[in-house]
Amino acid sequence: MSTDEYILKLDHIEKSFPGVKALKDISLHVKRGEVRGLVGENGAGKSTMMKVLTGIIPMDSGQITIDGQAVTITSPLHAQSLGLSIIFQEFNLVNSLSIAENIYVGRLPKKGIRGIQWKKVHEDAKALLKRVGLDVDPSARVGSLSVAGKQMVEIAKALSQNSKIIIMDEPSATLTDKELEHLFGIIDDLKKQGVTVIYISHRLDEIFRLCDSVTVIRDGEVIDTNPIESLTKETIISKMVGRSMDQEYPVRAGTCGDEVILEVRDLCRKGVFEHISFSLHKGERLGIAGLVGAGRTEIVRAIFGADKLTGGEIILHGKPVTIHSPKEAISHKIALVTEDRKTQGLVLESSISENTTLAALKKICRAGFVNRREENSVAAQYVDTLKTKTPGTKALVLNLSGGNQQKVVLAKWLYTDAEVLILDEPTRGIDVGAKYEIYQLINQLADSGKAIIIISSEMPEVISMSDRLLVIHDGKCKGELTGDQKTGENIMKYAILEEGA
Amino acid sequence: KEEAPAAAPSAEPAETAAPEATPDAAPTESPAANAAQTGTAGASGLKIGVCYCMLSAPAVKVFAQGIQEKAKELGVELIELDGGFDASKQTDQINSLVSQKVDGIVLNPVDGTSIIPAVKAAKEAGIPVVMGAMDIDESGREYVVSFVGADDKDVGAAAGKKMLETLGEKGGKVAIVEGTAGTSAATLRTEGFEEAIKGSSIEVVTKLSADFDKAKAMSITEDILTKYPDLSGIWVHDDTMCVGVAQAMKSMGYTGEDLKVVSYNGSKNGADMVKSGEIVATSVQPLVDEGRTSIEVLVKAISGETVETWYKDKIDMLDASNVDSYDPALLW
Amino acid sequence: MKTNVKKIIYRYSSLILLFFFILIASIFAENFFTVRNLTNVVRQSCVLGLLTVGMSFVLICGHMDLSIGSIMTFTGLIAISFGTRMPAGAAIVCALLVGILCGAVNGLIITLTHANSGESLMITFGTQLLFSAVSLLYTGGFSLSGSESDFYNALGTGSIGKWLPVPVLIYIVFAVLLWVLESKTSFGRQMHMIGFNPVCSHLSGVRTGLVKMVCYCISGFCAAAGAIILTSRTLGATPTAGVGYEMDAIVAAVLGGISLSGGLGSIAKAFVGVITLSVLSNAMNLFGFQSFDQSIVKGCVLIAAIAFDVWNRKQTV
Amino acid sequence: MTKVKKIIAEQKTLVFLLLLVILMGIISPFFLTGDNIVNVLVQSSIYGIMACGMTFAIIGGDFDLSVGSTMALSGLVAILCEPYVGQVPAMLLALLTAVAVGLVNGFLVAKCGISSFIVTIGTSYIFKGIALKISSGDPIASSNPWFGRLGNDKILGIPYLVIIMVLLVLITHYVLTATRFGRNIYTIGGNMEVAHNSGIRTAFYKTSIFVLSAFTAGTAGILNASKLNTASAVQGDNAALSVITGVVIGGTSLIGGVGSIGKSMIGILIFSVITNALDLMGVFSYYQTGIRGLMLIVIIGMEAYARYRES
C-alpha cells in the first residue's frame, strides 16, 4: 500500500468537445478515505471530468495518478480494475434486464461448463438491495422500477464492485428524504471502510451533511477546494456563480386570487391512485409532496390526458370537462412540464425554435404553412426573457445543459398561453443559479394569474415554492397543509404514516 | 362425370388444334388421346400432386390452367402446390406428396437440378413423376418418366434462324434481353441463339438480364439503344419482356422497320405486336397444351403404359405471314 | 471557415455523390452525357421516384412500409381493369383511392396497435403478403394487357415538346407538392418531430396517430401513382410487377440521406437518392455490366455512400 | 386457475402453436402421422438453424438481411470447391466464407457505425452478386454422392437435418442463458451505451453477432445444398425475411435485448405448421399468401398492443 496521502490525483486535465472547451487545466487531488463534494453550475464540467476519469471519454491531455501510480485509463473496464466505480448522472441501466443482472452487468460470476451461477447472482443481489433499502425481487425487470428504484439499483451496482473510489454523480436528484437518509447511511459506512467517495450534487444541504471538503468548479476550471468547516452555503454559491446570492428561494410578491380555475373530484386510476380531490385558484401555487413512487406523476399525467382515468371529474372554470388526450388538455389551456425532460419534454435532435413552438404550432402557421421567421423571433424572445444560454435559436437542444434545456421546455408551455401550469420536478438536475431563475419565473407566472401545480421531491423547495401543499401517499391524498403547517415534519408525518390525518 | 360434357366444348378448340399445331407430336398425341379415352374410367379417382415453381407468374398460371382442365375432364383429383420459386420449399412439398402417397406427380420445377433428391425419393416410393414445362437436369432423367415441354435451346436456335433470315447477308449488331440470370431457360435460349448465328455477320454486342420483368426490360432496352443507336436486332427471351422492349423502342423513336425484334412465348401480346409490325416474330409456347399433355402422360404412366421420354413442343414461328391465320385459341 | 466547408460538405453530401457519379459516367460511358440519355435516366426513375417519396414520409415519421410494392401491383391491376369499364380518368381516380385505402389499412393497424418501428416493418410485411394475395385473386394470377386509352398511355410514354416526358412532369409535380408539404407546413413539422420523439410529440398535443396515418396514406397514394405510370409505360399490369420495389425505395431514400431511425431527412434529398440510383444503373447498363456485377457494384456503392455519410456526420457534429 | 392463465399469458405463442397443431390434427388425417411430423421438422430445419444466429442478431439489436446471400454463397462454395480439395475441406471453406461475410458485416456495423439494416442490404447485394458470378447463375449439382446424404439421410427415423437443428438450438440456448457472452449480447441489445460504460467490448460483440448469424446461415446453406444435392445463387432469396418473421413472431423483439431461442423456434414452427397444414388441406397458394399475411399482422399487432399496454 502506498503511503501517499492522496489516493487520486488529476493534474492539468484538458478536454474539448467540438465548439466547447469543457475542461480547462483541471487539477484535483483527493485524500484517501475522504468524501469530497464537487459542486458547480450546470455545464461546469463535473460530469465530463468524471467521465474522463472513468475512461468513458478520452481526455485531450493531462495526467491521472491513482495510489501513487501514473495511469492511462483506456476504458470503463480498466477503470473498474483500478478500483474506480461510478454512479452515472443519467441512468446506466438496461431496462429489459433483471435487477440482478444489471448489478453484475458484464461481470456475472461463472463456473466452468455450468456457466453463470444464477443462484449466487440472485442471492448476492438480494443482499445488496437490502443494503440500499430496496425491497424488490432481484429478478424483476429494471424497467418496472420507479426512477428512485433505478437510482438505488445504480448505487447497489457501484457497491457490488468493492471499489476504492466511488464517484456519485447527482445520486440524490431523484430521491426523496427517506431514500436519501439511506444513501447517507451507506456513504457513512463506506467512509468507515476507508473508501473514498466523490459526491456531486446541486443540493448544498447534502454537501454539508456528507462531505469533508468541497471543490467548486466553474466553466471547466477548478475555482478552489476547501474543508467543509471553512464554508457556508453563501460562500459556496458565490464561488459557483461568481457572484453572491442572498437567498435560495425568492419570496413571492403577489397573492392568490379567489377564482377557482381547476377543480378535480374523486379522481381514480385503478391500482395507481384513488379519490383525489382538490381545487386550484387563479394565481395559486399548489405544491404536491410525497415520497417517490407515491403516484404524484400519475395523477397529473391523468389530469393532462396522457393516461386514462377510471373515475372522477375534472372541472374547469366551473364546467365539467373530459380530457382524453394531451391535445385536449392543451386546448383547455393546461400545460404539463414532465419530470423526464429528455424523453418526454424535448425533441433533443431538434432546434430550440422548433421545440418552443411544438405545442402551439398553429400560432405561427398561416394556412398550414410554418412561418419560420416568426417562429425564430418567438423563440428568440423566450431565450431572452428566460435567459437561456445558447449560441442561437437554431442550436440543437441536445447540446444545451440541463438547466437551459428545462428553460426550453418552459418556453414551449408558456407559448401555449396555458392558464394551468403543471410542473413535475421542474428543477431536477439544475444548478442553484438556474434554479433561482426558474423560481422567480414561477412566481412571476403566478402573479400574472396563472394557476400552478408544483411537484417536487425536494422538501424545502416544495415548501417554499407553494402557497398550499397536498401530501400524497400510496396514491391517496393524505393531507392538505397551508401557511405555517407546511413543515418537513408535517409532510413526513402524512407521507409515511399509513393512516394519516 | 357430369362435368365432362360441360368441360368438353371449352377444351375442344385446343384438342382439334393440337395436331395442327404440333404435327410432329402427332404419333405421341394419339396414344395420349387413347389414354384420355380409356383412362376416363380408370383415371377418375386418381390422386395427382402438382408442384408449380411459382403460381404468381402468369405463364405458370396458364400451364396450370391446362392441367386443371385436363384433370377435370379425366376426373382426376389434384393437389396443387406452389413452390414460390424456392427449391427447398418445393423439395419439402414433393416429400409431403410422397408421404401422402399420391398416385403420381407433375413437377414444374424451380430449377432442374435442386429437385433431383426429392424426385429420386418419389421414384423410390414408386410414384411416377412427369416434368411439366421445364425439364429436369440430365443427371436426374432416370428418376422421371417423361418431360413435356419445349427445348429451350431449340427455341433460341429458331429465334437465331429467324434473325438471320430477317437481317439477311448484311447482318448487324444484335442485343439479347435475357430472362433471370441463372435460370436454365435464360441460359439455353441465349446459347441456342448464339449457336444458330455463329459464323454469320450478326454480332451479339450485349446481353443484359431483365429478370423476365417488363419494366426492367424497358429500362434496359432504353440504355442499350443509347449505347448502340445503330442496333439492328434484339432477341428477347419472352413476350412479357418484349412488351417492355417495344415500349422502349417507341419512346426512343425506333420502329419495327429500323430494329428487328424476335421474341418467344406466343402470348396474345406477342401476336398483337407481330400484327402491328412492332416485332418481326415470336414463337409459340403452347403452355395450355403442355399442361394438358402432362396430365395425360402421367395418367398413362400410372396405368402402366409406356410413354416417351420427351413430348417436345413444336416451335411455331409467328410472323407477318401467318399471324392472322393462326388459331387464337393456342395463344394465351 | 474550415468548419463551414465541412458543414457544406455534410449538408450536400448526397448531391456531391451524385455529381461524382455523373462525372465518372460522363467520362467513361459512351453517350452518357447526352440529352437523350439524361432524359432516359430521369424517365426511368419516375416510378421508383414516386415510391421513394411516399416511403420517405413513412421513414421520416419513424416507421417503414414494406407493402408499397404490392400496393403498386394491386393498384396497377385496378387501374387497367377499371379502365376497360370506365373512362381512363375515372379509373385513375379509383386506383389512387385504392392506393390511399391500402395505405390507410397500414396506418390504421399501426396506430391502433401502437406499433414501433420494427413492428411496423413486420406488419407491413404482413400487409405486403395480403395485398399481393388480393392482387393474385383479383385477376386469378393472369396479367392484364395495356389500356386502350390514349390519355392513359400518354401518362407513361408521352412527352411534351421533345425532351419533357409526361411521367417526368407528373413525378416532378408530385415531388414538389409533397416536398412543400414535408418541409414547409405544420403537418410536415409534426411528422419530423414524431420521427425524432413520438412520446414528447404526443405530450405536446400532436395527434401522432393521425399524422402517421396520413403518412401511410401518402405512401399508398404514391405507390398508386407509380403504378399508373408503370402500367402505362409498360402497357399492362402483371400480378408481380411491384416485387422488390420497396427495398429499392428504402435504399434510394437512405442514399439521399433519410435516416432509418426517423426524423432526419427531406423529400428533396430523397429525390437526389433516386436520381443517384438511376444514374448508377443506367451507367452500368451503358458499360455493359452483367446483372451479377451490377448487384455487386450497387451493394458497394450503397455501403460506401452511407459510410461516407456517417463519417461526415462524425466530423461535423 | 390463475396459474394456468398466467402461463397462457406468458406463453401466448406456444399456446397458439399447440392449438394450431391440435386443430390441424383434427382437420387433416395426414397431419399427425409420423411421416408428416418429420416432414414439418425437416421443413423448419433450414430456417430453424438460421434462426439460431438471427436470434443472436436480433437480441443484440441488429438485423441481418444478408443471411440469404450468405446461405447461397456457402452452399456454392461447398459444392464448387469439392473437386479440388475434397468434401470436408470444401465444407470447412464454405463455413469460413460465411464467417468472412459475417466479419465484413460486423466490421461495417461495429467500426463504421452504419445501421445494420443498410449494411446487410448492401452486403446481400454484393454476396448474391458474387454467388451469381461464381456459379454463372446456374444451379450446380454436387458430384460427390456422399454430400447429399447429410441433408437426406436419417438415423433411427430422424433426419440428420433435424438432429443438427436441435443440437444448434441447444447450444444457442446454453450460450444465451448460461454464459457471459450471451448475457452481454442481451445487454448490448438492451442499451448499447450502458454496455459500453460497463466495460463490455461492444465492437467485439457486435462483430460476433454477425459472425454467428453468418455462421448459422453458412451451415444452413451447406445443409440446404446437401438436401437438394445442388447449390444455386437464388437459394435463400426469401430466407432473411422468413427467418426474421419467425423469430419475431415467437416474441423476440426487434428493439433488442429480449427474447430467447425457444421463442424463435416456436415462431419458426408456427410458420412451418401453417404452411404444411394449408398444403395438406389443399388451400390454393394465393389464399395461403393472404392467410400468412393476416397471421403475421394479427400476431405482431397483438404483441405491439400488449407492449404498449404494459408501458
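Which chain is which? They are A, B, C and D, in the order written, and residues in each are numbered from 1.
In this section, contacts are C-beta pairs under 8 Å (C-beta built on N, C-alpha and C of every residue); 3 or more make two chains touch, one makes a residue touch a chain.
Values in this document were obtained by computation on a predicted structure and should not be read as measured data.
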item	value
Mutual neighbours - chains that touch subunit A and subunit B alike	C, D
Farthest chain relative to subunit A (centres taken as mean CA coordinates)	B
Approximate Å spacing (C-alpha centroids) for the pair subunit A, subunit C	44
CA centroid of subunit B to CA centroid of subunit D, Å	35
Geometric centre distance via CA averages, subunit D-subunit C, whole Å	30
Per-residue overlap in subunit B, given as positions that touch at least 2 other chains	55-56, 181
For subunit A, residues that touch 2 or more chains besides their own	none
Residues of subunit C touching at least two other chains	132, 136, 141, 291-292
In contact (per the touch rule at the top): chain pairs	A-C, A-D, B-C, B-D, C-D
Subunit D to subunit A touching residues, read off their complex	174, 177-180, 183-184, 186-187, 189-191, 193-201, 255-258
Interface residues, subunit B side, partner subunit C - complex	55-58, 61-62, 64, 181, 206-209, 211, 213-215, 218-220, 222-224, 226-227, 229, 240, 243-244, 246-247, 250-252, 268-269, 272
Touch list for subunit C against partner subunit D, complex	109, 112-119, 121-123, 125-134, 136-137, 141, 247, 250-251, 254, 260-261, 291-300, 302-303, 306-307, 310-311, 314
Interfacial residue positions of subunit C with respect to subunit A in the complex	184-190, 192-193, 196-197, 199-207, 263-264, 317
Subunit C residues within the subunit B interface of the complex	29-32, 34, 36-37, 40, 43-44, 47, 132, 136, 140-143, 145-146, 157, 165, 230, 233-236, 238-241, 281-282, 285-286, 288, 290-292
